[in-house]
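As written, the chain order gives the labels A, B, C and D, with residue 1 at the start of each chain.
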Amino acid sequence: MADYTPTREDRFSFGLWTVGWQGVDVFGGAARPPLDPAESVHRLSDLGAYGVTFHDDDVIPFGSSAAEKEAALKPLREALAATGLQVPMITTNLFSHAVFRDGGFTNNDRDVRRFALRKVLDNLDLAAELGARTFVCWGGREGAESGAAKDIKAALDRYKEAVDTMTQYIVDSGYDLRIAIEPKPNEPRGDILLPTLGHALAFITELDRPELVGLNPEVGHEEMAGLNYAHGLAQALWHGKLFHIDLNGQHGPRFDQDLRFGAGNARGAFWTVDIVENGGYDGPRHFDFKPPRTEDFDGVWASAAGCMRNYLILREKVRAFREDPQVREALSAARVDELSQPTLTEGESLAAFRAEEFDPEAAAKRGMAFEALDQLAIEHLYGVR
Amino acid sequence: MADYTPTREDRFSFGLWTVGWQGVDVFGGAARPPLDPAESVHRLSDLGAYGVTFHDDDVIPFGSSAAEKEAALKPLREALAATGLQVPMITTNLFSHAVFRDGGFTNNDRDVRRFALRKVLDNLDLAAELGARTFVCWGGREGAESGAAKDIKAALDRYKEAVDTMTQYIVDSGYDLRIAIEPKPNEPRGDILLPTLGHALAFITELDRPELVGLNPEVGHEEMAGLNYAHGLAQALWHGKLFHIDLNGQHGPRFDQDLRFGAGNARGAFWTVDIVENGGYDGPRHFDFKPPRTEDFDGVWASAAGCMRNYLILREKVRAFREDPQVREALSAARVDELSQPTLTEGESLAAFRAEEFDPEAAAKRGMAFEALDQLAIEHLYGVR
Amino acid sequence: MADYTPTREDRFSFGLWTVGWQGVDVFGGAARPPLDPAESVHRLSDLGAYGVTFHDDDVIPFGSSAAEKEAALKPLREALAATGLQVPMITTNLFSHAVFRDGGFTNNDRDVRRFALRKVLDNLDLAAELGARTFVCWGGREGAESGAAKDIKAALDRYKEAVDTMTQYIVDSGYDLRIAIEPKPNEPRGDILLPTLGHALAFITELDRPELVGLNPEVGHEEMAGLNYAHGLAQALWHGKLFHIDLNGQHGPRFDQDLRFGAGNARGAFWTVDIVENGGYDGPRHFDFKPPRTEDFDGVWASAAGCMRNYLILREKVRAFREDPQVREALSAARVDELSQPTLTEGESLAAFRAEEFDPEAAAKRGMAFEALDQLAIEHLYGVR
Amino acid sequence: MADYTPTREDRFSFGLWTVGWQGVDVFGGAARPPLDPAESVHRLSDLGAYGVTFHDDDVIPFGSSAAEKEAALKPLREALAATGLQVPMITTNLFSHAVFRDGGFTNNDRDVRRFALRKVLDNLDLAAELGARTFVCWGGREGAESGAAKDIKAALDRYKEAVDTMTQYIVDSGYDLRIAIEPKPNEPRGDILLPTLGHALAFITELDRPELVGLNPEVGHEEMAGLNYAHGLAQALWHGKLFHIDLNGQHGPRFDQDLRFGAGNARGAFWTVDIVENGGYDGPRHFDFKPPRTEDFDGVWASAAGCMRNYLILREKVRAFREDPQVREALSAARVDELSQPTLTEGESLAAFRAEEFDPEAAAKRGMAFEALDQLAIEHLYGVR
């Protein structure tokens, strides 16, 4: 067995807000002291990560002056320089401060929307300066608890306006940045706009510069809607829109658990790594999890290390699965490859096609042999092949 | 109070498979005898519907010859002629026969895909002949229970190929028909392709003739994923893609309940009627429900009548809500209209915009007044205003 | 129509933590300033409530000395005296402070369990002193995120030990108090012990003094597990264990929404009020909701008023429903009363019983007439009868 | 690695209705021909099972005369004799025939209740004759879709009457049989009575002979309510009520999937086997799954074999986990054993207890070390330790 020790080449990145979460939730206060971002950089570097990501407010206190901002960034810059860690992605906090109680881009209050957009533009500058290539937008407070409170079509207009303004600014500034929208169905709002990756993919097609905008789907967010995350990633890749990923763990429709990767839906994690590794994604393997409130800092780092270790374990498994001759045979028995053949023959006339004879009763007797195939997959997951 | 008696002008339509459901489920056999389609037409006409819809197999036994098909259609045609009922929509059964055990358009077996596509092309001819304007595609068996069984990207290629073939045939045939895709997250497959209306909207943008393809979202299917159906309809309208709707009732993530409209999520039904009536939709009000297996035919017709009656009750309520001066005041207090104003002023320079002063602490003190607004809505729903 | 103005006789009570919630959640900080408990008492009194309830920490800062405790209580006592409001229920906060990160009664750390139990005993004294008759135990942090972390059988032993100690203390002290356990399936823990009212009912039967312990079921907590709250209340009443209720609103399996009563599952709220009014419950109508973070204090009070108003609206509806002659006829057509007849005839021999003739095929033709009955209920809910 | 070949000593049993499911669901007809029960016995014997279970109707066509019944049983008896397979459990079908459209024991129609009870009494005779020790009651149609249709308290009275009649008959007949109630939250009814194992545990305590009645919890049924199945088994064992188990797979709140064991929630399956093996359960390891409709008979048997194989794989894993010295250290670091110590010291006075000093701020700094422990568990699950 491999030793599952992460290296820079594995391109693991972590949000500073993940290890830095103090454990505040609806039912209780902080269970851990604040964590200095620079320390997080050093610790994550030691654990084998290649990058860190953050919301502006994770590093720069809300409302900072330019001088305060620079002072707040200095130790982070030094830690990045000292460790060689990158900042592949940056995102904006438009959800924590009470001014965003009704969201940022789609707040009913125009002055708040304007403030939100300025905050994002400032953050685009920072992203470019730090060399980030992806700029994530999670609209966690864009939504509603009640039906009349939000004009959804107007909200989508404003959402579009905001993202269009961002992409225009990126182009005008010559920034090498792409936007990645992160969908979520609910929590903290009763219902959130762009609730699944499908809704976000559709939204993107209406933008001025769709080529600059893609997705940052999160395991837990899709699974909160009972959706298959690996299927979602596959559809995102089919559209050429998988710009970034948020890996974590969840147990189906309930509150947003943000478990460490590999410690939620294990079977789903296997197929997630399969599509991430084999489906054409080439971005960071980014973890957006929360070390449970039960943990002290030892637990925080154990949890962070576990994310990477589980990814590497699963990566080895999916490689073995795809290379297993018995699996290939089972895939063939299940006619999985046959789906890649066009249904119509090139140049075939519809008339000839429609005249074709077929015996559905005979064909109905054929089994798909999926259970035997899936048993092989499960045995790879369980590590017994 | 109005008498809530439906008329043709209300444009209520029903699937023949709704009242005709015999109650077969995973756990039990038929609880009602078969219902003659012609009788359904007469009964639904008497109840006030303006149209019926059906799957080919609802009327024409699977495997019928051309002569058998015509014989099966004859009494239906006569009933339509006698009643004046329309057939605004037709759809194809690619899920009941065992040959479709792995789906139709995305079955791993190419010969089954070809058979499915022929069945659909035949049904397009019938749709055109009967004057239907919408052709629904529900891919209920397009999906998988296990991760390796289905190559999702290949499946989306095949799905696209099938729909592109359909639209080409529609154009070549000069048919006045549009396709409406009906999403569903799961059941009967473990996970279904195009699981939400968002995923289907995105898919449509990749088609050869996206202008001919839109959505047929169903209340229960979206609510099975915990999604807000009215929000989904609003997004579909925003994309110009709400071609048809399937109204029924559901109680959140569980099996597909297909309750009569108005008898599931009542609050959701209110907002559904609000967006259907006020959001720009102009198609039929189509019911896709299942009279519970507890009922005999009296219950079947009571249930069908209830769908329409509940729609009319809710339509009256949403009209009253939108016209209520106190509601308008509350909407204004909640700044709902302000969201229709662009965030940026026309011609405003970004530099000037970014230099604007704003006091987030002061703005954070403002409440949104959504609870007072929603209370008015609830009181309209409850009929006490 | 009635004016739906609450009076003391309606026995509406509110947790101080409900209107006092500052809006802190996992994703954001306080959106409202702290609310003085005494002010809440006055405001709730003005709105028509008859009582307030609270956790010790809602009024007495965690870690207060005896003098500090008395100082903190003084304004509350004065407000109670001034308004005449009662304190029908008190509960203990064993979940907010970080010391309870792994729970109170079932924390793996024995010293924390001992601390939790002392905190509860102190609070029993306060409850008795303030004249409360119900003492709620919500074990929100009693649970686990991972399988090995908690020995569930040992945890149930400790849970039992704690409650047995409490009831012994109540008896020894001569307090006129009963304990009400509040179940919840998850959040803030991944899985919580005693996840539904069923689990708690079973647990109670193993206690030393089961007669002193009952339930405090919450609408949202049961609906988070997809369960029918009214059915649950009925079962609790069947066991004689419905000691207290927590009314609010929820939209199925997702995060704990704590919407105002009547603004979640409206159909469920109708049946909830029906069983509360007609099923034998005689305790307070207690609201445990959270005014959404979007609201300022005007919204907080509008939300609180809405809870009571919606209850009164629904109470009027269920009365009208039960008195409606057409409903009685429909209930009879559905043979609902027949279920109250024993299946066996008194004194009937099993031999004779088993020899009875019955034609299941004939009986299978009978419909239950539930749809017609439910349509009447829905029309009462919608206020159109 | 072990070879994971099941033997009789592993005590694996299967319902005849599992491998015999023809694939009929709400959306489609049979996809496999009927399977002769005798053949199933032989095939399951060859695969390594030790027993089969069945509903009366699985073997004896509904409505059979005594002679027809005996004729139907004859090949089954011969197959049992030939293979040595046992019938450890029998259950009654009170849900498939249309006469049970509103349930059996709690049907509103008294004559149907009487018929249901006779059917069960007949089946108790058969169970005793065949040497079954457990008699399962799954009340799949006991429930309602709408609020007025069912008087829940009356329904619980009738449920109790039926089970009390059964236990009296068992005692009077001198049968060595115990009843096991199988809870389910919904499907095929909108809401089912006794929706979780907690509700059923509570119900049992009200029976005349609670000692003869326990539980048969199913993985999928509990997980459909988002509940932790292993936690549920632990509570059932704590009450001494785990009489039987139904193992299968599910992906959270959605339709009842009945996947083969090990192929749903893999992490949950690990903890399930842990509590089944180590928590004091000594009954059969019974599988209640459905080979997906995609499969032919080869897939059916592959699926059945996979259930047993996955159990054996997981059994080896949980043994290794519990024996791993590093795990023991981690359990100790997490103070898991400390929960087995009573919170109070024997003989300790409450006064002394309450006077104890404790520094909650210091204790609040302690982490629980659960993440490190769970990572070890996950690595055992993944087979990399």
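One rule holds in what follows: contacts are C-beta pairs under 8 Å (C-beta built on N, C-alpha and C of every residue); 3 or more make two chains touch, one makes a residue touch a chain.
Predicted model only: the values in this text are computed from it and were never measured.
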Contact counts by the stated rule: is the higher one at A-C or C-D?
C-D
Averaged over CA atoms, how far is the centre of chain A from the centre of chain C? Could you give it in whole Å?
37
Length of the line joining the C-alpha centres of chain C and chain D, rounded to whole Å
30
Give me the residue numbers in chain D that touch at least two other chains, ranges are fine.
31, 97-98, 101-102, 145-146, 149, 185-186, 224, 226, 251-254, 263, 267, 292, 294, 364-366, 368, 370-371, 374
How are the chains arranged in terms of who touches whom: line, ring, star, complete or other?
complete
Partner chain B, residues of chain C touching it in the complex
1, 4, 31, 226, 251-254, 260, 262-267, 291-292, 294-300, 302-303, 305-306, 309-310, 313-314, 317, 364-372, 374-375, 378-379, 381-384
Interface with chain D, chain C side, in the complex: residues 62-63, 97-99, 101-102, 105-115, 117-118, 121-122, 144-158, 161-162, 165, 169, 185-186, 191, 193-203, 205-206, 224-228, 230-232, 234-235, 237-239, 253, 267, 270-271, 274-275, 279, 321, 327, 330-331, 334-344, 350, 353-354, 356, 358, 360-361, 363-366, 368, 370-371, 373-374, 376-377
For the complex, give me every residue of chain A touching chain C.
23-32, 95-98, 100-102, 140-141, 145-146, 149, 185-188, 190, 224, 251-257, 259, 263, 292-294
